[in-house]
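For reference, chains read A, B and C in written order, and residue numbers begin at 1 within each chain.
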Amino acid sequence: MILLDALLQGILMGLLFALVALGLTIIFGMMDIVNFAHGEFLMIGMYTTYWASLFLHIDPLITLPASAMVGMLLGLASYYFLVKHLLRGPMIAQLFGTFGLMLFLRYFAQFLFGIDYRIIQKGLLVGKTLSLGPFRLDWTKLSAAVLSLIAFLVVYYLLHRTKLGKALRATALNKEAANYMGIKTDRMNALAWVIGGGTVGIAGGLIVNFWYVYPTVGLLFVMIAFASVAMGGFGSIKGAFFAGILIGIIEMLFPMFGHFTGWDFLGPHFKFTVVYFAYFIIVVLRPQGLFGWKK
Amino acid sequence: MEKIKDAFDFRDFSKPEKVGFSIFTLLLLIFPWLGVGSFVKAVAIQFLLFSLFGMGWNTIGGYGGQVELGKAQYVGIGAYTVALTMVWWKIPFWASMPIGVLVAIGYSFIIGYPLFRLKGHYFAIATICTSLVLQDIFINWKLVGAAKGIELPIHEHPDFLYMQFKSDTYYFYFIMALFYTAILYMNWFRKSKLGYQLRMIKEDEEAAESLGIDARWCKIKAYSIASAFVAVGGGFMAVYNLYIDPYSVMDLDLSIKIALMAMLGGAGSMWGPIIGSAFLVPLDRFLGSWLGAQKGLIGVDFMIYAALIMVVSAYQPQGIWGIIEQFRKK
Amino acid sequence: MAFLEVIDLVKDFGGVVANHRVSFQINEGEIIGLIGPNGAGKTTLFNCIVGYHKPDSGKVIFKGKEITGFKPFMTNREGIGRTFQLTKVTAGMTVLENVMVGAFCRTDDRNLAKVEAAAILGFMGLDSVRAYHLNELPIAAQKKIGLARAIATQPELLMLDEVASGLNPKETEEMVDLLKRIRKEKEMTLFLIEHVMEVVMPISQRVIVLDGGEKIAEGLPKDIVKNERVIKAYLGEKYAKGL
């Protein structure tokens, strides 16, 4: 029973991880740039919802669109002011560029908000649990997972059924050809960053309901996102989805595993080390991930 | 024999470079006698230490073009080996340091073999992962002190056996000696077969392979050299600070700083890491002491670094030395 | 014993069969041309031989030793050198240093490598540009440097991928002369992919033609130009019948 419970929890968290990974994989699929600042976008999304709901005295779920907007703007600004210029340079510059952005946002947040840990305290669903048979699920996590799933599906629909989405995918596949067809690469790149920033902003807005936000929280999530994207295949949306869920499950099951084998001395924090390790193993053994089409 | 000659042969540097470096060396030699305060001495020691780290990173990151962001794990290995052997078995520094280097090299081969199957972004992320994993292990491992770290016993009398001194001046000359050894090594390295092959790999890996170069193996070798360099620095840190913990010697931040120094100064050039270090270390210390005094400004120092990184990445990835080289060509 | 033997080579890129059971032989000292329309699989064949791709089936035998699936650096050490169609233009190393890297394949001594490299540059008439960087030189020079680099590894078989592309008529003529000199003075067997007929036809002893992944013809240049299948591959059915 505990096993099933852990599994369920894992799936719920996994859906959120998947949403976080979505933005990363879209950006990478578009222009082969790894956005190291992705975790920071998440962190900002978290703070946005936190402060908005606190100051406006509204339920955090309603302030979600604010996180989305902030995320989108952040993505756009990052593209136009930094990434666009990085594209011209060598790869080392690109790596360092988004890395610099990551540090900047992280320490800017530290400067603005201090290092305190914060979490949503007031809200419609905070603290309430749903009882489904023998399982007890936090309403916050459940709603976050469901909304995450919806967001995922919306983006999927956008990319596969709308003209704009198809243009985006065309550029990702072959930007020269798309250019000849009249699809401007620059705008598609920007769009990728807008979607990437927006989705992870939403994810942040959802996560802050049950996870503490602090300036360095981004690092943890970006590593999870990397692992998800690597496992699912860089550039693959389906991959990000399934890999995110898989990692969520692994994460929840690992402490149980530790419990049974008596390897308890490894702190609860250690389960993320497993993720880093997983990334390494996956990428070495199967660089293209489960569904990836890019190497 | 050839190797030694090569190490000391600075003929192919331009006159301004040779003159500049000579003046620099002279200044360093008389530095402790210039009557500067202990703070400045400490900054100078840091500068030389980070130059050492930067030069190490430069072999694989600069000349080799493989951006790796996990050097700190080897600093940690060097530091912990020296610290632990001293605390547990009273092994003198001159024995424990080489052991530390060997452990670092061994570990780098184990990690390097699978690591260099990767390239580009995947590689960079993986290097971060390996460093984080090691740090996490050390944070949780009671045997090596876990998060509390290791305190080295303070000896009553300063000695060369354990490299413990009362005055910073000794440490200064010690790190200076290490620094110059590194310079000589780099001077040899850049002219060696491995150096040439590595540079070719950086330029065009495909072409390198077609010229009989086993790229993967070359990269692993360079990676190991870098790890050895950095482990030496780690060992120094152990005896200098007399206290180490996973946060001070294995942190991701340290890895970033190391790579940043080399990149800012000019990755792939001989003087780059030194220039980068000369610029960033004082900046870091100055910001640290100035901002430390103002309570509300935590994080601003990193913000400045970060802004620097972004600007350099976007507009001048060749670093400061790159700017100098561009001027020279005109 | 043939110098280079390719037997039933197959390379499939997940649906697109780039090489379908290609077989041929090259003898020592020959100059062999490989032609065919775009997309015929010429570069893939090259890459399978030097090891950039691993063939799905078939064998590559060089000097009696099977080298199928050997990695590029291994085939190079066995004695196969290759040039690239597009030399990556870089600014990090000088021309001399570039060629030295090639020379380092056969020696550990830097001074020896330098001497070797200088000699090759002299042979190719590139002495004057020793200290330049690739990005400062015109295409013709870049191509020659790619060639010099490969020659520095002292190959016995030199494989050239469209070495004449991008050259004007005068440069093309020079290239032809250079190739002849290389074959004679360096005693190398040459295997060229070419589109520029002015290069292939005059110097090749035999020409192999690929189309759609298959070998469709092999023989003397003068016979190849009259071969119906070859004409059809390049110009279409109409002309094959008409001529």
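What we mean here is this: a residue touches a chain if its C-beta (ideal position, glycine included) is under 8 Å from a C-beta of that chain, and two chains touch if they have at least 3 such contacts.
Keep in mind that what you see is a predicted model, and the values were worked out from it rather than measured.
K.L.:
For which chain is the distance between its Cα centroid and the global protein Cα centroid smallest?
P.N.:
That would be B.
K.L.:
If you count the contact pairs for each chain pair, which pair has the most?
P.N.:
Max contact pairs: A-B.
K.L.:
How far is the middle of subunit A from the middle of subunit B, if each middle is the mean of its Cα atoms, in Å?
P.N.:
About 33 Å separates the centre of subunit A from that of subunit B.
K.L.:
So the centre of each chain is just the mean of its C-alpha atoms; given that, what is the distance between subunit A and subunit C in Å?
P.N.:
Using C-alpha averages as centres, the distance is 48 Å.
K.L.:
For subunit B versus subunit C, what separation do you get between their C-alpha means, in angstrom?
P.N.:
Their C-alpha centroids are separated by 43 Å.
K.L.:
For subunit B, which residues are shared contacts with two or more other chains?
P.N.:
Where subunit B is concerned, no single residue meets two or more other chains.
K.L.:
Going by the contact rule at the top, pick out the subunit A residues touching subunit B in the complex.
P.N.:
Contacts found on subunit A: 28, 32-34, 82, 85-86, 89-97, 99-104, 106-111, 114-115, 215, 219, 223, 226, 230, 234, 265-267, 269-270, 272-273, 276-277, 279-280, 283-284, 287.
K.L.:
In their complex, what parts of subunit B are in touch with subunit C?
P.N.:
Against subunit C, subunit B makes touches at 2, 6, 191-193, 196-197, 199-200, 202-204, 206-215, 268.
K.L.:
Show me the residue ranges of subunit B that touch subunit A in the complex, using the header's touch definition.
P.N.:
61, 65, 67, 69, 114-115, 117-118, 120-122, 124-126, 128-130, 132-133, 136-137, 139-140, 142, 252, 256, 259-260, 263, 267, 296-303, 305-310, 312-315, 317
K.L.:
Would you tell me which residues of subunit C are touching subunit B in their complex?
P.N.:
Contacts found on subunit C: 50, 52, 71-73, 76-77, 81-82, 84, 87-88, 90, 92-93, 97-98, 100-102, 104-105, 108-110, 113, 146, 149-150, 152-153.
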